[in-house]
Each structure stands twice: as C-alpha cells, then as structure tokens.
Amino acid sequence: MKYLLTVCALALAAPAHAQWTGGDGAPTSPLPCDGSTVTPEAVAYDGGAVANEGSKAGKPLRVVDIPKLIGIGYFDSSARGVAKGAEALGNVTVTTDGPTQANIDDQITLIDNYITSGVDGILFAANDPVAIAPVLRKALAAGINVVGYDSDAEPDARQWFVNPAEFNGVAKSLIDQLAEGIGPDGSFAIVTSTFTTPNQARWISEMEAYQQACYPEMTWLETVEAQEDNILSFNQATTLINKYGEDLNGIVGMTSVATPAAAEAVTQAGLCGETTVIGLATPNAMKPYVASDCVKSAVLWDTGAMGAAAVMALRAAADGTLKPGDTSFDAGDLGTLQIAHGSQILLGAPTVFTSANINDFDF
Amino acid sequence: MTIAQTPPPAGGPALSVRDISKSFGPVKALKTASLDLMPGEVHALMGENGAGKSTLVKILAGMHAPSGGAILVDGVQTALPSPRRAAEAGIAVVHQELLLFGELTVAENVFAGHYPRKGGMVDWAFMRRRAQELLADLDCHDLDVDRKLGSLSVAMRQRVEIARALNHNARVLILDEPTAALGERDADRLLEIVLRLRARGVAILYVSHRMNEIFRISDRMSVLRDGTYIATRNARETTEGALISLMVGRPVDQMFPKTEVPIGGPVLEVRGLSCGPMVREASFTLHKGEILGIAGLVGSGRTELAHVLFGVTPAQSGTIHLHGQEIRIASPRAARDAGIAYVPEDRGAQGLVKPLPIRENISMAVLDRISPAGLINRAKEAAVAKRGFDMLGVRASGPEQIAGQLSGGNQQKVVIAKWLQTNPWVLILDEPTRGIDVGAKAEIHRLICELAGQGLAILMISSELPEVLAMSDRVMVIAEGRIRATLPREDATPEAVGHAMTARRSAS
Amino acid sequence: MLKRHGHETVLAGLVVIALVVMSFQSAQFLTTGNMLNQGRLMAEVALVALAMTFVIVSGGIDLSVGSTMGLCAILTGVLWQNMGLPLGVVLAIIPLIGLICGLFNGFLIIRVGMPPLIATLGTLALYRGLAEGISQARSVRGYPEWFAAIGQGSILGLPTQIWILGIALIVAGVILGLTRWGRTVQAIGYSEPAAHFAGLPVNGAKYAVYAVSGLAASLAAILFVSRVSTTRSDMGTGLELDVITAVVLGGTSIFGGRGTIIGTALGLILVQVLKNGLSLAGVRGDGTLVLIGVVLVLTLVAGAFMENRVRR
Amino acid sequence: MIGSTTLPPSGTGAVRRFLREYGHEILVALAIFALLVGVGLYNPRFVSARNLTTIFSGNAYIAVAAIGMTMVIVIREIDLSVGALIGVLATISGTLAVSGAPIWVAWTVPIVAGAAINAISGILVAYARIPSIVVTLGMMAILQGGLITATGGTWISNLPPEYLLAKMTVFGLPMPLVWAIVLTILAGLWMRLSPFGRSLYLIGGNAEAARAVGIEVPRRIVAVFMIHGAFAGLATLLFATQLQVIQSTTPPNLELIVITSAVIGGVSILGGTGTVFGSSLAAVLFATIGSALIFVNVSAYWLRAFIGTLILLTVMADMLRRKRTMKGA
C-alpha cells in the first residue's frame, strides 16, 4: 500500500510538461531564419570500412533491406523505391524484411541472421542508432556493404547514410510552414510517435531550437505521444483541440501516421482553415485533406527516391565508385547528390506538398 | 442377482434400476445394482464408503453414463445421458458436495439451468417470487432471495438445493448424505421436510450413514456392498445390527482388530487451545501407545482441532506441551519438526500429490533429511520410499508407480508411510478409512493398532461411530467447537457418544 | 523414461528434424559460428525462460518480466549517468532491483491473494510506467568499453552469453530436477494444499520463485544493455510472450506441476532454430511468426491427444 | 448462524437490489463522474460537448471489444489474440470496401469472420482442452504474422465515404457512441435476462455444478468464443472506419487494454462475476483518464504507472469484497 502511495505521489509530483523534455541531449544546430543556405563544413569521411574492400566490384549483389518495421505506409513506399532502384541497376537482387513492431531486439536479430546467410549488402533504417551499431560493425567486418537510410546508426557502423533531410532542415521547413499558417505569434502542439523514437526526438529538439531563435513569440503548448497508431493519433489530436480550443492555432504531426490523423481531427472538429495542420506525411494520405483545402501543405522527402538512392549507394560502394572523400554521388535518375557531414548522402531539401503539386506524387 | 424381497407398495415404482453397472477404466465401481423406488416412500440406500452409492446417485443424476443395465422411469425404459434429461425425467438430486453458485443470488441458484421464461427471456420477477415460495415451504420464510448464496450457512445452502429439486416438481428426489454437514436441529428440520415431501407422493432415495435417522424416516432400505446389490429390507422388519452385517458382509467384531496395548505416560498435553469459533478451549492429554478417538459431526470442529494441532491454522491461545516441554506450532512444518504427523481428511487434495510417483510422495515430508546441501540424495530417497512401501505393504507395481493410480486404501497407506518416515511422536488420523473398501479398511485398522503398539500416540478422527468405538482407548466427543465429553473405552457406548455429540450446551 | 518424458522426446525429435531440414535449406545454418551466435541472441529470452519455468511449474505466471527488464535497464542508465554511481556498483544494485520487483509480485500474489495473471498484468503496466517515468524517455549511451565485454565479448572463443546460459541451464536443471527446493516447487504446482500439509515451505518457495523471475529479468537487462550499449525504456517489450511461448512449448503445463528445464531448453532451441533457419532460408519474419504459432498450438494438441490415449 | 432460519429482513426494494447487483458498475460510473467534474472545474473545456464526444466515441471500439472479452472472462477463459484479430478483420473489411464489394458485405464479413476465426480457438479450448491463454497466444502470433504476410504492409486508403460507418451520426449522435451504448445495453440485458447469458455465469462460477444442472459446457465455450469474435468484428467496424486509411499492422497492446477494461470493470478473472456494463464503463474510464491527463498537464510518461496502480487497487478491492462475502456465512 505504501508502495502504491509512493507511486501515486511520484506521479503527481512530476512537473507539468508543457515543454519538450525528451530527446537524446545532443546539441542542436538551428539554421538561420532568413533561409540563407549554409554550406556544411567539410568533414573527413567518418563512415566505417568494409572488409575485403572492392572484392565485389561488378558482381551481382544479394541485398537485404531492413526498415524499422514493416506494415506501415512509409516503409512500404521506401521498400518499393529500393526495389525500383535495384531493378534499374540490374545486377542487384533485394528483399525487404523487418520486425513487425519497431523493436530494436528483433531488428538486431534479423540483421544478424542475414549476416550469417551471407548477403552482400545490408540496407537499414535503425530503430536505435547505438543499439544497432555492434551488429552492423560485424557486418562490415564480414565484408558486407552497409548503407543506412532514414534513420542513421553510429557513423563508423555503416559506410554511407542516405539522409532524406537534415534534422535542422526538416525543423526549419516545418516551423516556417507552421508560422505561415498560424502567424509568428501563434500557438501549437505536437503529436509524435513515442518520446523515445530517435528521429522524431531529434526533429523536435531542432524545431524547439529553431523556433526559439526565429519565432520567439510562438507558443509551444505541448507534445503528446500516439505510437504509430492512427486511431490513437486521431484521439490525441482531437483531445488537444478540445483542450485548447481557440488557443490552439496549429498541430504538427511528427509521423506519417500522426499528420493525416491530425488533419482528420481538425476536419471532424469543423476547424478547417482555423487550425493549421502541418507535418510529415506521405502525399497519398494527405490528398483528401489538401483537396478539401483543410491542409495547405505537408512535408516529406521522396521516400521512393530515398530507397533508390540507398541501394544505388550500396552498389557504388561495392563497386568502389563511391569512396571516402567523395563530395558528391551520381545517383542516375535522381541526379547528383551532395555528400556532407563525412559520410551522409543528402537527398536535398524535403518536398513540400501543396495543392499545386501533390497530385504529381503517388506514394 | 437378488430380487427385492419385499413386495413393493401398490402402484408401479416411480423409478426402477435394473442391473446397472459402471466401470472407470479397470475399476468396477458398480456391479449389478438394482432397486425399485415407489411413489410416496423414503427408500434408504446404504452401504459403506466405496460401496458404490455415490456412483449410483451420479448415474441417476445423468452425470455418469452406466456401463450396462437399464433405468425405468414409471415403467418406461429411459436413458439419462445428461443432467438435463434426468431433470426432465423428474429426477432431482441434492448432491453430497453441494453443487451451487456462490457468487449468484439465492433465487438464481434455485433456478440455475432451468430458468422460467417470459418471451424467451429469464423472468426474474417470477423467479424471485417462486424462489421465495419454495423456500417458505422449506421453513425459510424470511430468507432474502437476493442475497448471494456464498454468504449463507451450509444448512441454508442445502435448503436452496432442495428448493431447486422441488421446483422441477420432481417425482423422484435423491438426497446424498444430506445431514452429514448439519447440526442436530438442522438435521431434524430436514427430516421433517423429507417426510412432508413423502406425504405429497414424492419418491425419495435417501443416502445416509446415520442409523437413527434412517430408522426414523425410511420405509425400506437397500444395501450395496462392493458395488453389488445385496438386499432390500422393510424398516419395520429389520434391525440396526442386521443392516450393518449386510453392509460389511461379516459380523462387526471382526472389523476392528483392536489389540490391547499398555498405555504409557503423557506425550501431548493440550490446555485451553482456541482458534476462532470452531476450536474453543480444548484441553486433553494424549498418552504413549494410546488411541484417542474423536467423535463428532462434520462441522463440529474436530478437523479444525487437528488443523490447530498441526499448525495449519495456528492457535490463538492456549498451550501445547510435548513430552512436558511447551512448543509453539505455527505451521505444518513446525508441527512436523516437533514430531506431530497428520494424515488429512481430504486424501486426494491434501494428503497426496496424485500425479507424482509413490517414491516422491513418501519422501516429501523428509526431504530435508535426505537432501544434504539441498541436493536430494537419490539412494537415500529410494531407501526411504522402499522402507515405507514395504512396511505398509502398499500394493502397487513399485515405488515408481503414480500415486493417483492406486486404490483408495493403498493411497492412504502411502500417506501414512510418508508420515511414519518422520518418526513422529504423535500421529493424527483424520477419517483414516473414508472411501476405502472393506478389506483395506481392516488392514489400516490393524496398522493403527500396530503403530500404537510401537508407542505412537494416536489421535483418530472418524465419522463412523463403530470405528471410533471399536478402535479407541478413550473417546473424546466434540460438538460446536468444544470437547463435550471424554469417555473411557468401557463407557463409550453408541448411546452415550451419540448423546454427547448432539446435545446442546447443557452437556458441557 | 519415455512415459514420463514423452513431450521432451517428441520435442527433441522436432528439434532434430528442424535442424536437418534447416541445414538443407541453407549452407550457413549448421556452422559453429552461426550456432554460437544464436546462443548470444537468445540469451535474454533464455535466461528469463529458465526462471519462468519455475514460476509456471509452481502454478503461477509472471507477465511482468519484460517490464521488469525495461525498468532495470533504465535504472542501469539512470543510476550510472544521472546519479553518478560507478558502473560496477550499479551492476551490483540492479539485480537487487529485479529481486524487489519479483518480491512485490510475490507479495501481491501470496499475501494479497491476487491471481498471478492479474497481479503481474498490473505490474506489467506499473513497472513499464515507472521505467518511462524515471527515464523521461531519454536513452542513456556511452557505456565504457569493459562493460560491453559482458554482452559482446567472448571467453575462450565462446560468446559470454553461452557461458552464462550454460551455467544458468545447469543450475536451473539441477535445482528443478535434483534439489529439495525444485521438488517443493513442483509439488506446489501439482497441489498446493498437499505440499502445505506435507510440511513443505509453500509461501517461501513461491516468494522465491517470483523473486528469481525478477532477478533473471534484471540479469537479462544487464546482458541486453551491454550487448547493445544503450538504454531505452521500451526494452523488453513483449518479452513475456516469447518467454511463455518457449516454456509452454517445452511441455511445462500452464496449470503447474509438470515441467522440466530440458523441455524449456528444447522449446527455446526449437523457436530459435525456426527463427534463424527460416530467416536464412529466406522466409520473412512474419512467416516465421505464423509458423511458430502453428507449431505451438499443434504441439499442445498432439500432447493432449497422447495424454488422452495414455489415460485410456 | 448455522441453523437459524429467521434471517433479518434486509430490504427487498428494487433500488437496494439494483445497488447490490451493480455496486461495482456504479463505483466506476462515479469515478468517471468525479473525474469529469474535477477536471471540468480545472478546465471547463474538458466537459465541452466536443471533448465528451471524443472520450466516449473515440474509444467506443474498445468498449465494444470488451463486451465479448467480458463473456470470455466470465466463463473463466481469456483471449490474448483479440488485438491481432481486430487488425486482421480491419484489413479484410477494408479490402472488401475498396474492391467494390457492396458496403453491407464489407460490414458483415468481419463479424462473421471474427466468429469463424475464434471458433477455432474455442474448439481447441473446449475439446482439445488446451488452456485458453496458450491457444490464444499461438493464435495471436498466427494472426499477426499472417496479416503482414498477406498484405505485405500496404495500407488501405481511398475508402469509399459511405463505408465510413464511424463518421456517421444517428439523431445527431456519433455512430460509435450510439453503437457502443446500444450493444452494451443489449449484451448486458442479454447476459442478465437470457438463459444462455445466465449460463455463462454458471459455467464460470462452478463448471462442475453447471454441468450438473444440464449445461453443455464445451459447446457453450465454443459459442462464447464465437460471440466474442463477432463482437471483435463489430469493434472492427468502428475501429477501421474512423479514419480514411486502414493500417495493416495490429494495434499495439490492444488485447491488454481490452482485458484491463474488463478487469477494472469488475469482471473477476476467477470467473462467474462481472457485467458488460462494468467493462464498457471501465473502457470509458480509461479514455477519460487518458484525456484528463492531457488536460491537467500530467506528464504522459507516468500514464502507464498510473494505470498499473489502478489495476492493482481495483483487484485488491475485489479480493477484499469477495473475502467479506464469504465471511458472511
């Protein structure tokens, strides 16, 4: 009984969290407010080295693609991009396999099994950058080319990472769009997956830094968790609307699940045009809301391009055409991609989907 | 097979059982049982434990399918494949272990499984009204039918079960040891109800051990022995002694081979022991080599006394001295370590771990001794098991046989063997021969005498008065949690003991 | 032997069949390297499953193991990084935390009298909630090199986990099969009153069983944190289901009493062989999941049928 | 006590009877009410019509799923696979809806399919005598894995608007709310008033005695699992039609939420007690707590610890109550 009371007391004593407290504690680097581009400092290659470098040049590759989890639209479209890229290359066969829940343990076990089965290359989107590192290092040591996409691992645990959008870039893009909708002194809340999801945690940290630097008048109301569950996301977004009423000018969805759910919540609340919804989302999920003019814009990179770039980078790394020290990468149809931060291949600025262009995309 | 010797009363029998048999695997629980049950008669079904009475009752209730034979209801051969069919055939059963639903209300218990319907739905209003009526008929005028059954006394619950039987307008009512758990007043009231039902023309099959009851209410008695029908007698034309010899198949004297043993000094001295309402101020002394019998009805507090002595429910006050030294018994473990052994009443649930082999059952109470540093010494365990196995003459394929596969008598031997391994000073036997066939019973009795002869102090609880009277050096009578009388062997007549058992406060 | 250990024999047969089939499916399957590596990967589940065998044999269940693991993992990080305790001291405290979690389960079940399923369903939420609350969703990283040796290193060419598992397996096997204590747990599972009336320390044994379960979860937490060199509050989510699957597949009756460590070991191996072998043969994770579910149900149906035939 | 036939009259009025019968349900309802009042005073928007709608209607599918679970637990079984089942049924239903099948087919098939899939579990429990916790554990793995194998992880979108049942309204009330209330009342009355419903309490209370009063226990077990499957299907309709897309993963931890709702609602895991009113109310209580925590700015980090404590306290209260009932003897 005493124990239970203590627990209750602890729960009550927990400070009210209007502000973001999660994240990984890493430093933030907000971009300038005016949109001037900063050339990233040149950093020497910090990726890992694969054993038997170059031995696979020109040979057919058997590659496995391991996203954070399977069964959600986002990774479904990236997997299709990977498959398309592999098809274009011709000499790469790729299978996609992943855990059914975003679970580090299952992901590590899967990768380990694929190392044993003797694949030539591994593409991954990490559930945890540190946890996944040992097994990836093992893959490198086994002569397997390793390329990440979407969510990075520790740099030395993989050769290259296809960065769909830099954290600070995404943050800037989201906050700028938000400001456009709610004004520089509006208030907003965030719906994210879980506080522990690394990418989301980084984005939110960067958004906080950028907002404080560039829109100090904005009010950040709170951040709520909604897993990768669209019903829960919808309920959470609705509850936010109910809680703040007029005081809530905007909702930011941090996942491709949360954003359409938030749009739905605003639609059902009859607040289209009054409450701005911004967020990361796949265009297909947002089309109805953009069409109904309830949502002006959504942000995402081309997940297909991300997958394709990843498999092409892997091919190039195996062939030796992409090597440490390169500053750009020729990704065929995707054009020439910039390499920055040592070993990150940048996909470019995230795409902003608006009513003008959303119908050009299908994923 | 014997045909009922007395002609049935006029009119056909309400229920006839013809050569019914039942086997459970290799065990024949019932061989050729037959009897006729007339409307408006109370027919006692008698026999020792294990004679097959309960099996027959369960067959008539539709809970067991007979292996052979026929059942006739009103002269028509009827199959009773399910309890529902039995109920539809007009047969109602009040089971020995009351089959009721403690979390549901009294009213619902009366109608469970046979709800009154209105428009296809359960008619609660009717159900409550009718339950009230039925219970009023059973002298429960003020019973709140909305109470949860679990909160009622045993006597009340039984009446609910009888009400359930009556509700079906049963023409045949079977009562399986209905008074076993009742005090005298409740038992009396029950008998009145039975007689009232008889007057209405209900055919009643009454299973009981209590001779005085049976002679008070029965018209006829049928006796089963070892699963076989023996005879039917008219109540007016027979005597208690004659019935008993029919039940046991031989004169009663031979049943209890009591050997005279010199009684030694006191071993266990109990003073003012109390625990809850069921054990109040118990004081007695148990001597070396003595068999002290405890007589009392079920629910009188006799098992509770044993549980206090064995530490299952530790005493709230009072003292226990063993060999002159005061001991505290807080748990069965402490009792065992002090040298007290207890062969419990419920052999299947408390005495044995049925799925385990005989060896593991016998060694269970002495695991500490045979496992230095926690590791069980297999050789020692085998030796312990063999010793117990041989000493008691357990009939089984060997110590590795699974205990649950043994007959009741051999299971009991295993339990006793387990406790003898602890070299106890005091052995408490709770219903040592319940559910054991006649042959094995005698063996157990011989064993008890032998153990007393070896100097063990024995406390023997039994519901069977003949057993208590024949085996005990002294008889202690318990009622309502108190020791009412302690009679030396020569004064312990059935009348004296029976009087003390059922007497109200005055006797104390 | 066959009569009392029919399930284990069938299971061993299944494991052999699975091994043979899988080795034909993939050349990499039956290699020393792969086998040793599988030992490393299954360590956490196996460790907890060994303890869970005792819990289930005693007639109980512990759904809170995954959450206990998560709480212990988080506390490892928090005590070390936020409270500044030396990591060595933390490693000594964490097993105590696991023990306390287990004892609290025991308290709810034994003293309060809650059904184990519900009590541990409650603590499943409670312990996970504490992990989330304490961590405030921050993960802790940057563990020193020596700490990683536990989860990633090798001793005499064998992964550390293999040694730990081997020792745990032997200890658990000896305790359940050969000791007074193991016998007590089994007797309790078959019939608690009978064990009580035989003077066996029923409550003590039950407390011990839940405490050991918590302890195993905390050790699994240390192994896991060391293996992945990071701490997250969602660690061990769903662990309980993997563990119970392995134990039940190993022939331990969910009603208590029957069960062996060999059975659990075989159950664990079978699941791991299926997961690994199918993965190497190119079957995706979701297909494997289906197959494990089917194997679980069919094994039990077969077991039930065999038992019925023996009874008749 | 023994032998006394004259018990003190203890009130037979309908009100007292109702209070006694539904004590636990009333407590849960009072807890909801207290939360609404308390948090409503702190922030009036909490009790705005819109937020109440969100609380009651956004989580209606949990209440509906808890109805079937209540029946399963009342007969002393359990089902761990219900979350996975709802995921599978949602995909089946959504696939039908976008494939151009008539809408009524897309609405009916999940109900039938739920019953059919659960019939397998029921048969294994009732006739093969495998404990339900193990059967449904296996079933959960099969359904979870099977769903992803079958869909390959693709979401279903472009659902026809007339399919979106949960977005419709009846007399101005949102469909999920109406649905949950109607189903709860119907199921509650059915369990209270139908002989079949009552037999579930008999089986859970004392299976041996239930057999003795003529109930075919194994057949009932299968039936209850099938009914539970059908309710999972009904819950699916509310779950899947709330938004424009259907995820192809099974909702995480849904089975635990449903089981917990039933337990908090007063359904004893020991069988034989509890009503669907209680479990539906408990589902609402959960939703209210979840919403209230956001409104009073309590950190969501502690939400789960809070719920765990609530489960333990409720069950402790239940244990005490049972002990008291039995002591009355």
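So that you can tell them apart, the chains are marked A, B, C and D in the order they are listed, and the count of residues begins at 1 in each.
The definition used in the following text is that a residue touches a chain if its C-beta (ideal position, glycine included) is under 8 Å from a C-beta of that chain, and two chains touch if they have at least 3 such contacts.
These figures come from a predicted structure and were not determined experimentally.
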Other chains in touch with both subunit B and subunit C: D
Relative to subunit A, chain with the most remote C-alpha centre: B
Centroid distance [mean C-alpha coordinates] between subunit D and subunit A, Å: 36
Interchain centroid distance [CA atoms averaged], subunit B/subunit D, Å: 44
Centroid distance [mean C-alpha coordinates] between subunit D and subunit C, Å: 30
Subunit A-subunit B separation of Cα centroids, rounded to whole Å: 73
For subunit D, residues contacting two or more additional chains: 144-145, 147-148, 299, 301-302, 305-306, 309, 312
Sites on subunit B at which at least two other chains make contact: none
In subunit A, residues with contacts to at least two other chains: 7, 10-11, 14, 70, 100-101, 195
Which chain pairs touch, all of them: A-C, A-D, B-C, B-D, C-D
Interfacial residue positions of subunit B with respect to subunit D in the complex: 61-63, 82-87, 93, 95, 99-104, 108, 112-115, 117, 120-122, 124, 139-144, 146-148, 150-155, 183, 185-186, 189, 299
Residues of subunit A defined as touching subunit D within the complex: 4, 7-8, 10-12, 14-18, 69-73, 75-76, 79, 100-101, 195, 222, 224-225, 227-231, 234-236, 238-245, 257, 260-261, 264, 268-269, 284-285, 288
Residues of subunit A touching subunit C in the complex: 3, 7, 10-11, 14, 21-25, 70, 95, 97-101, 103-106, 108-110, 112-114, 116-118, 128, 130-134, 194-196, 201
Sites on subunit B touched by subunit C in the complex: 25, 310, 312, 331-333, 335-337, 342, 344, 346, 349-356, 360, 364-365, 367-368, 371, 374-376, 418
Subunit D residues within the subunit C interface of the complex: 78, 80, 124, 128-131, 133-135, 137-142, 144-149, 256, 259-260, 263, 269-270, 299, 301-309, 311-312, 315-316, 319
